[in-house]
Structures are given as C-alpha cells and as structure tokens.
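For reference, chains read A, B, C and D in written order, and residue numbers begin at 1 within each chain.
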Amino acid sequence: METNNTNNFEPKVVAFVCNWCTYAGADLTGTSRIKYATNVKIIRFPCTGRIDFMLLMKAFANGADGIIISGCHPNDCHYTSGNFHARRRWMIFRNLLDFIGMDVNRIVFSWVSAAEGAKWAEVVNESVDQFRQLGPATSYQKLIKNSEFQEVE
Amino acid sequence: MARIGVFICHCGENISATVDCEKVAKVASEFPGVTVSVDYKYMCSDPGQNMVKEAILEHNLTGVVVSACSPRMHEPTFRNACAEAGLNPFLCEMANIREHCSWVHEKSDATTDKAIDIVRTLVEKVKRNEALAPIYVPITKTAVVIGGGVAGIQASLDIADAGHKVVLVEREPSIGGHMSQLSETFPTLDCSQCILTPRMVDVARHPNITLYTYAEIESVDGSIGNFNVKIRLKSKSLDEKLCTGCGACIQKCPVKKIPSEFEQGLGKRTAIYVPFPQAVPNKPVIDRVNCTYYIKGKCKVCEIVCPTKAIRFDQEDSFVEVQAGALLLATGFDVLKTNFFPEYGYGKYEDVIDGLAFERLASASGPTKGEIRRPSDGEIPKKIVFIACAGSRDPAKGIEYCSKICCMYTAKHAMLYKHKVHEGTPYIFYMDIRATGKMYEEFVRRAIEEDEVKYIRGRVSQVYEKNGKLIVRGVDTLLMGQPVEIEADMVVLATAGIASPGSEELAQKLHVSYDKHKFFSEAHPKLKPVETNTAGIYLAGACQSTKDIPETVAAASGAAAKIAGLFSNDLLKRDPLIAVVKKCAPPLYSSCTGCFMCIPVCPYQAIDKEEIKDRSGNIIKTISHINPGLCQGCGTCVAFCKSKSIDILGYNHDQVCAEVEALLNEW
Amino acid sequence: MQKKIGYYPGCSLEGSSREYSESVVTLANAFDVELVQVPDWNCCGATAAHNLNSILSFSLPARILAKAQEAEMDTIVVPCAACYNRLTMVQHELKKDDALRAEVNGIIEAELKCDIKILNIVQFIQMFVADFVASKQQFLFDKKVACYYGCLLVRPHDVLDFDRTEDPQSMDEVMKSLGANPIDWPFKTECCGAGMSVSRTDIVGRLSGRIVKEAADRGAEAIIVACPMCHSNLDMRRPALEKAMGEKLTIPVLYISQAIDMALGKSQKETGINRHFVPVNISLQNRVAAPQVVLEKTEEN
Amino acid sequence: MNNLQQKAQQLLESGNYGLIVGYEKGTSGKARPVFIRKAEHASKLIFDESCDQNIAVYLYRQEIKHDKKKVIVANHHTLKSIVELAAENQVFDGDFMVLAFAGNGDIIELNTFEEIEKHVATLYHGLTEAEAAMMKKIEDMSLEDRWAFWENEFSKCIKCYACRASCPMCYCPTCTVEINQPQWISVPSHTLGNLEWHVMRAMHLAGRCVTCGQCGKACPLELPIQLLTYKVALDSKQFFDSVAGTSICADNALAIFKPEDHENFIR
C-alpha cells in the first residue's frame, strides 16, 4: 500500500452498485438510520454484470481516490449470473492494474445483499478509512494534470 | 437544448433535518440545462405532484429529477405523474437524497454538498435519457404441458377449463405418473387411483386438451408468447385410430416375463402392454427391446389376433410441431436406485425394497392383490423395518436435502402394514419426524399411538443377511446411543426423491436453469415459485423439488393460473429497459463484429444471430440480436462487448459515463 | 527398469508391525520398485496428537511431507492406514487453508507445496503391482477370504477419495486377481476398537471378536487387512477375542501385501508371517500344476 | 526449390487455390509477409526461424475477401490465432487451407478447424523463457517501481495503433478508442490516455491473447506492451484454466463462469 497520509484528507469515492442487492441494502442502511461517511456517492446499475471496467478507468481519470463495487452475493444475483461474470472480470482487471503498478487497494469489492444494511455502512466506513490511509491518488492525478496541460496546449 | 426540472423534497423533516434543501434547490437551479429548481415539504403529496406536472407544462420540460427518497419507493409515483402531464415517464429520474444521504449522515455542509452531487449526477443522467415505450409481444394462447403426472393433469385441466388450448406431452404410454402407482394417500388413507383416474379420463375427454403419450420434447425455440415446440411421438407400433383397446394382443403375447416398471419389478408384463389396467389412453404399445419380433424377426402373434388389424410393426417415430405461448414443466421425480445403498443391501437382497415397491405391495391392484408378502418367498413378513432418510439429508453422499415426503409415507406404510398384518411389528428408524402439513402430525401420532408403530430415533449403519433374516444394525439415539439390532423379514427404504431422469437434457433444451441436484430452479424461491428464469416457462410439482400430492396440485393450479393470466391478454407488455445491438448506416450496418461471444454471457439465452441482407437477399453480415421478449436488462453483455456494440436502455454508456463525470467533478 | 518412490513406514511398521514393513519391501522389490524412506521422518501423531494439540497434529505430518518434498519425492507410499489418513488429511487441510499453512510452515520451517501424491497400500498395489502380478504369481490363492478395511482407509471419502465408504471393493478385487474368493460380509468397515486397544481390552475383545467370528462363521479361511492397528487387534489380541466370544477362533490375519507375497512364493521370512501370533496355516496350490506346496507345516501333515 | 515452394506451386497450378499467404525474405535478414497469386512466384516463399510474424491477421482482411480459396503458411502463433478466430467466428471452416510444419520440417496440410485444433493441441502454449523472465522482472518490482516503469513506457506511446493493427484479435471495425460518445479514452497521446488505451487493449484480450507478442514487435517505440496481454493470458490460465487459441468452441474466459471461481478480495 502506498501511504501518503495527509492530514484531513477526505477521499473522493464513487460506488458502483447493483440495483437489486446493494442499492436496496444501502436503502436499508438509510431506513435503519445507520451513519456512514459522506465521501461515498452511489451510482446505480441494473447488475454488477453491467459495470464496465472502463467506468472504473473513467472514475480514476476524473479524480476518484477510491472506488467501491458492490453487488449481490454469489448465487443471489437477480439475473442469476451477472455477478459471476463480474467476478471473473474483476479477477483479471484487478491483477492487471496491479501489474501496471496501480494500488488495487483503491478499489474495494464487496457483496452486500438487500438485507445487509449494516454491512453496507461497514463497507463504506472501512473503505473510506482505507482510502484515507492511502491518501490522495497523487500518482494518477499527476497524469490527469499533465493531460489537461497537454490538451490545453 | 435540455430543459430539466429539479424538485427537492424535504420529506417533512426526514431530509431537511440534515440537508439544506433550499440550498440544494438553489445550487441545482444553476446547473446547465436546469430550467426550474424548487423545494417542497412533501413532493409525493398531491400538491407536490401537481408542482411537477405544472412545471412540465409551464416550462415544457424535457426531463425531471425528483430529489427525494429511494427510487424503489416512489419512482412509479413520479413517473406516472410525468406521464399524466404528457412527459414520457422514462424521462423522469429520482435522486436518492433520503436513504442514501439525509438518513445516513449528520447535519453538516458535507451532507448538503453530497445531496448536491447526487442531484447533479442525476441531472446529467436525465439529460441523456430517451423517451421509451413499453414492449409488446403477441401471445399464442396454447400451453404445452410436459409430464402427465398429477401436476400435469391438474394444470392441463385448469388451463383448458379457462378456455385455452393445452397440449399434454407424456413420456410413458399412459398418463398418471407416480400417483397412479400409490396405494392409499396420507393423511386420509383414501385410495390414490380412485381420486386420480377420473381426472385422467377428464384429460382424455377435454375438448381443449390434445394428449400425446409415449412422446418426448425434441426441441424448443422461440420465446414467451411464441414458442415453437417440436414433439417426438415415439412409435407405439400401433395404429391408434384402429385400436379399440380390447386387449386380445396382450393376452396372447408370448413374452410374459418382463419386469413391470409400473409394478416396480414386483409384477410382470408382456412385450405389448398397457402399463396398468386404468391407463389413459388404454391402448397398448410394443416394447421393442423385449418383443420377439424385433429381436428375432418372427412372432407377430399380436398382429394375428388383433381384430381390427391395428398393429404396425414398421411404424416409425413421427414429429408434430406445436406453436405455444407458454410451457409448463411437470416432469416429476424419481427415486434413488440400488448402487446408492451398498450398506443397506438394496439390489443385493430381494427383501430390501423401496417405498414405491411397497406401495405396489400394499395396493389392491398390485402384484399381491394388496397382501403384504415379501418378494423373495411370498411369506408374510412378521417384522418390517422401515428406514427413513435413505439417502436424504446425507451431505457426505451428495444429497443434502430433505426429500420431504418420506416421513409421511413411511408412517403410512407402517400403518397399512399393521392394518393388513395385525400380528406384525413395524419399526421405523428416523432422524426427525417432519409432519408439517394439515392433519399430518395427527396422522403420525395415530401411527404411533393406535397402530403401535415402533419409532426408533437413529440411523441404520447396515443391513445384512444372516440365517435367512435381514439383520438391521442401527443406533437408538434416545437411549444414549445404544446399538440396536433387529432381525427383520423385510426392509423398506424411504429412498430419497431425486430429479427425474433426463431432467438435465430437458432443461438444456428449454434453457431453464436447474440446481446441482438437477431439479429445475424457480425464478424466485418465495415470490416466483412456479416461474422459471426463462419467461414463459413455468414449473409445477416434483420436478422443482420433491413434493407431496397436495403441494403438487397447489403448484400445478398456481402455474395454471399464471399461464391463464398470461393468456388473458392478446399482447404481453414488458419494461423497455433492455439491451439492444446498435445499428448504423451502411456500409458498416453495425459495429457488431459477429464474434457471438456475448451469447454464452446472457443468462436468459436472449441473444441470437441476425442476418443483415441487401435488397436481393444476399447476406451482408451476421450480427448479434437481442430478443426483446427474453432480455431482462441485466446488461452483462453490454459490459462484455468489446466493440461497445450493445447498449442498454436506461443505463446506456452515455448516461453512466456522464454520471461518473458529474459525480466526481465540481467537488 | 527400477522405479523409485518415497516410503513412509511410520512407527508401527518399525515396531509391533515389522512384518508389514518386511512384506511391503518384499512386494516392492518383487515388482522392481525401490522404496526410499522419507529422510529423518518422525511420528505422524496418529490417534493421539489431535486430542492434545490441534496445531501439533498438523505440524507432525506436515514435517514429514516437508521432508519428502525436500527429498523431491512426488509420490510416497504409506502402508499404515492411520499414517495414510493423517498425512492425507493434513495435506488437504493445509492446501485449502492459507492461514493455517502459513502458521505450520513457520513451525516446521519449510514452504509446503502440498502436492505430494500419497498412496495407501492398496493404491500402491493398484499402481505398481496389479498389472504385472499375473506374470509373477506362482501360487493360486484359492481361499475364501474376508477383506477387512477398517475405518481409516476409506473415510472421510471427501478427502481420501478412495473406494466406496460402505462396502468397499478394492481389496476384494486384488484378492480376486490372485485367485481368492472374497466373501460378501457385513463387517468390512466395522470398528475394531483400535482407540481402546491399550486402555479397554475388554471392549476390543468384543468389537474385534465379532469381526473375526463373523468372518469365520461365513467360512473365510483368512482375514485380509491393510492396517497395523486392525492387525494387532485381530491377531495379537486373539486370546482376548476368544474370551469375549467364548469360543476358539483360529482364522489367521494377513496383510494384503503378505497375501500377494505368498502368492509370489516368497518365504515366511520374506513375508514376515512367522511373526504372527495366530499361526498362518495356509497352503497354496501351484498355479500351473497340481503339486501342493506347503508353506506352513500344519499338524495334519 | 524446396518442399514448401513446390507445394505452393502445385496448389496454385491446380487452380483450386487462388492465394497463398506466407513469408518471404525481407530486408536485413527479417522475413515479411507475402501474398502469392501466381505459381511462378512460389519460389519467393520461405519458412524458417525468421518467420515469426503472426500472419493470421490477414485472414479476414477485406483485401483478400474476393480471392479464390486461400492457403496460409502458419507458424505456431498463427495457428493458435486461427483457432481463436474460429472460436470468435471471424474466419470460416473451409475458406482456407493451412500449411503447418511438423518438428522434422515436414509440411502438414490442415483443411478443417477440427484438424487445426488437434494440431494446436500438440504445440507448446506457455511463454518463452526470455518472455517469462521479463514478466518476472516486472512482477518482482515494488508497486512504485512498476508504476514508474509503466508511466515511463506509456509516456512514450504515440498512439499509432500499430499494436492494434498487428493483432489478429483486434478485428473490430469500430474500436472503442474511436468512439466519442461517450469519449472513453482521451484522444491525444498523453500518458493518461495512453495508459487507458493499453489497459483497455489488454482487458479486451483477456482469454483471447495467444501470447504471440506481435503487438510488442510491431511497436515502433519498442514498448514492452505485449507483457500486458501476457499478464491477462497468464491470469486466465491460472484462474480459469483457459488458454486462448486451443479451442474452437465459444468459451472465452470472461464469457463463461463457474460458481466456484475463487478470489480472495471480495468482502
């Protein structure tokens, strides 16, 4: 893990979640009034199978410090198998990012069911802590900055 | 140019207690494309909805973002409101600032900022929303019911009575299934055939039902509303139109020693046969494996004795094709066979039999005319040991589930035995007694208290033969695990119910999912128990998991009601949030490369191939095509497609990218 | 061509069951297999260790596996059913549990790969003996035999994946190939009482007695075993068995390796049957012709 | 004339075949692809160690679409690519014949996909020792060093897309990189956009890369980008036991799944 612990650093976190399990689970966190960090904002997808790895690249390119991906537990997928496909995709993708030297701890994967409101809060809080520890994604942000410079040029 | 209306709800104080709603509305009003942005105490109330409707009309809005509770709560409400004001309902989105924001954070600027981010994200999304219309699929109002046991019979009659056509397909020469083999039924001890055979006759006579026995499903294609089912009619070696069912051929057939499947091998049948006297249709088939003519090339006794000259030795399998709107799987179950129980000697000792064989022994129409006589020497057994959970609930051997029906039928068997052999002693080894149906527990109590059935709580480790007796060694766990040995005359195994043979092949032909035990899987274990994951294909009875008769009949009627419900409309309406293969102008036509790697990705088999042809009909290219009747909109193919040729309505590439960008920028 | 494979005898085969080891080595030599002992091997912990200390019960077999791995053995044969069971179970557990493996690796100071093929005696026979036995067999083992598998050889099936748990057949098949007539009997995997073989010999007498009596009653002329514990209970404890059963029981107990050795025409010393408590009064017929070869002088002769 | 040249000549003279795609001697000792349509040019054909280019990339090209039945002289990379292209429905059984070479140099004629698949089963499917060593060198680096290494490499990329053009698997008529709504990947060749391009290219080759290394050989800046696709190929093998170019069935590693697929990072 790269540790760039900056004081009072609040990571920007985007969560990609499936509609049927984790989105509903996060709703339950709300109805149960369990508190979690404000850093995380959710984007709803029909299924984890829908989440294109390019969207993760997009998120990093737009300055995300961390990403949470969450969907139905294995065998619970609303669409039977979307999460199984997603799992294979992440196994390959995560290792590839590691291979090019990106810190894969900036992406948290979890299964959160519609009944696991408490788990969602836990995942969010633990992830945000983890991302705080990692500090800003400076190495990636350097690339963003350079690219902006070049594009203006 | 987009004209978006943003409506921020306070939800009483549910949102406004922690989020500064006025600020959110004010900031949102400055987002590019936002024409109107207001906040209100209760957006979902009538005045709130009216605000939305009036704004749509007044500002000619092209999109609406209602920033309130979860879309799982009020999305339909606001989409309806939009539709009432003339805005396509799919141009309305909800920004969830209650469950995902106000309720999970303390009051702070950060919470308000997060709400603003959420609203901005949805505004960017809704700008890219498209007006969508529901999909309509025409429906052929014929149901194909596969399996003619009690489930198939009940469902066929229910659907037919509702006025729809039914094609009932049964693999065996007669309908009736396992229920026709049973002697009496629990918990009432009424005769199984007495209640079943009238229904079988009803099926044969019903004007809306076409019955194909000795037939199997060859192939199925198409989708909900419009299946094309090809049925193989196995050759019966008989012209059914001429046959009167007089039975002369059966009486004269020289091959008489074939173990009868219907009698579980305890009785014999001829090579030309009807499985049992009350069979429907009551016309024989020739079993070509055992018929002398087919083995040696001569005999033809049946042909000679047939008064109507109905025998056709050269008849071949034929095929019929049926157009159907729905399919019902009712293929039932089977019981475990010998090699599963080396320790119980099943298959090795003649007097170790399974429950179905005991049903035949106890049946008045069975091989012993209802007398309980053991198969080896025809003696009346003085002691019978019944072993419950023979195979069931045994994860080590791979069947971890409870077969559910055995506790009850074993109690029934012991009772029937006691009623017929008063001096006999029935023992039942059991793990737990699961008697959870109506009048079931009372029934088991009767077996214990009135008929003095000896229940021993424990497992049997082995059964072996010694001096003409079957030694049953087990343990009594209620006596501190004392070993028990019983010298029995007969042992009856309550063998586990397993999926019917051929279930896997059938599931693959129909593209329905099945579990690791090869039972068909329901679409949802609680809320969709008679549907499969494939739209238009339904389930009933023990093909889904072992079920007793009342449950099976209930499921069959449930599935029939679902099918009748489907058939009550001429067109099927579906949510349009589905995937589509994008097309474009010639010469490319579509960026789809036709690699078809998306086909195995789809959980619903909704993807097939489409040929793009020029005006003279030459194929220019073959690309993927998504059947809108089958696609459920998971989007797995969308993320998988490398050329980004597939997109999904409602969550398209443009929308989700815009969301990511909007969420992260302007922090 | 001489084949080399690893060999873990374990303590029984060095002590009370020396004849088992002798017969296995004889058998291996007869089929051109060189058994190379795992260097510096230790106790597998067998029945005692897991009662005392769970991590010890993993570490002991793990060290044996580490030694085998160090000696670059890809296959080892473990004739003792208890050792076979422990080694296989431990390799399985360590393979699937990364944390446990890391802990054990730390204790035994090794990096276990957990990919050693561990053979029990029957698998060894199936792999190296069965295909060639016909060409080397001198005597027909034309006896009724009762194959007794015991508990450790076939369970738990999930892990060992060897033979059927109930009514196993593999030893019966081997004996059949030697010309024997294995009886169908219900006590193949019955408990012999090994866990109590020191503390409660009366229970052993009853449990093992039933097994021996059942085999004798069904007309078996020998009991065939593959486990030193079974053997010592059925053979060495015979007086206790007889006392519990109240009758004389003369049926001999042979290791399956001994039975094959006998069919090959090996001497008493080579097979180790001279070490048995119950005399092995078995004479085998020459495979090709009539003349009887007497392996053990009996009183009738 | 050697066997290959004779064979080629016969095939073209027979009139049954219209085009032979193979290798000829190029400049500075390198072999280059050649397209032979006339029997008298058959003597140009060579096949030796220098013929390491994966020429399966030409099989589906529009330019040879109207040629009569084709013949392709295939090295083992080309063979594997043909199998993968067959699985992905980009080439069609019976459209061409393959001339492969046995260990002793004998020419093997492979006419059907099934024959090609069988032949490919006899080939070696791993990385070469040198390639494996390069992989290990990078994998052994610290995370920061790896990032620095790739940042440097990616900064040099000029987005000429030679890697894409040389890869038989990159056959999409519209590449994601050319889509501008949404703009998946920024257009200029700055490090960020280059990184995104290479990550995407590698991901799109998951379960499909036959590890021929052609992309790296084609790169005018000699960036070791083939290692990225090797990584996904090795992981596909390790995680899912899927090796591209071995089966003509549509069983891409990411198109199928097993419920028991094992990962250790999902909470």
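Worth pointing out:
In this section, contacts are C-beta pairs under 8 Å (C-beta built on N, C-alpha and C of every residue); 3 or more make two chains touch, one makes a residue touch a chain.
Source: prediction; values computed, not measured.
Two chain pairs, B-C and A-B, are weighed by contacting C-beta pairs, with A-B ahead. With centres computed from Cα atoms alone, the innermost chain of the structure is B. When chain centres are set by their Cα atoms, the one at the greatest distance from chain B is C. Work out the mean CA point of chain B and of chain C, and you get 50 Å between them.
In terms of their C-alpha centroids, the spacing between chain C and chain D amounts to 55 Å.
Here the spacing of chain A and chain B, counted between their Cα centres, is 36 Å.
Averaging Cα coordinates per chain places chain B and chain D 45 Å apart.
Contact of a single residue of chain C with at least two other chains is seen at no position.
Chain B has residues 601, 640, 653, 657 in contact with two or more other chains. Counting partner chains per residue, chain D shows two or more touched chains at residues 176, 184, 254-255.
Of all possible chain pairs, those that touch are A-B, A-D, B-C, B-D. Here chain D touches chain A in the complex through residues 138-139, 141, 143-151, 176, 184, 186, 188, 190-193, 195-196, 198-200, 202-203, 206, 227-228, 231-232, 235-236, 239-240, 253-255, 257-259, 261, 263, 265-267, going by the rule given at the top.
Only residues 341-343, 348, 396, 462, 464, 471, 473 of chain B touch chain C when the two sit together in their complex. Contact residues of chain C toward chain B in the complex are 156-158, 164-167, 184-186.
Of all the residues in chain A, the ones that touch chain D in their complex are 2, 53-54, 57-58, 61, 74-75, 81, 84-85, 87-104, 108-111, 123, 126, 139-140, 143-144, 146-147, 150-151. By the touch criterion given at the top, residues 588, 591, 593-601, 640, 642-645, 653-654, 657-658 of chain B touch chain D in their complex.
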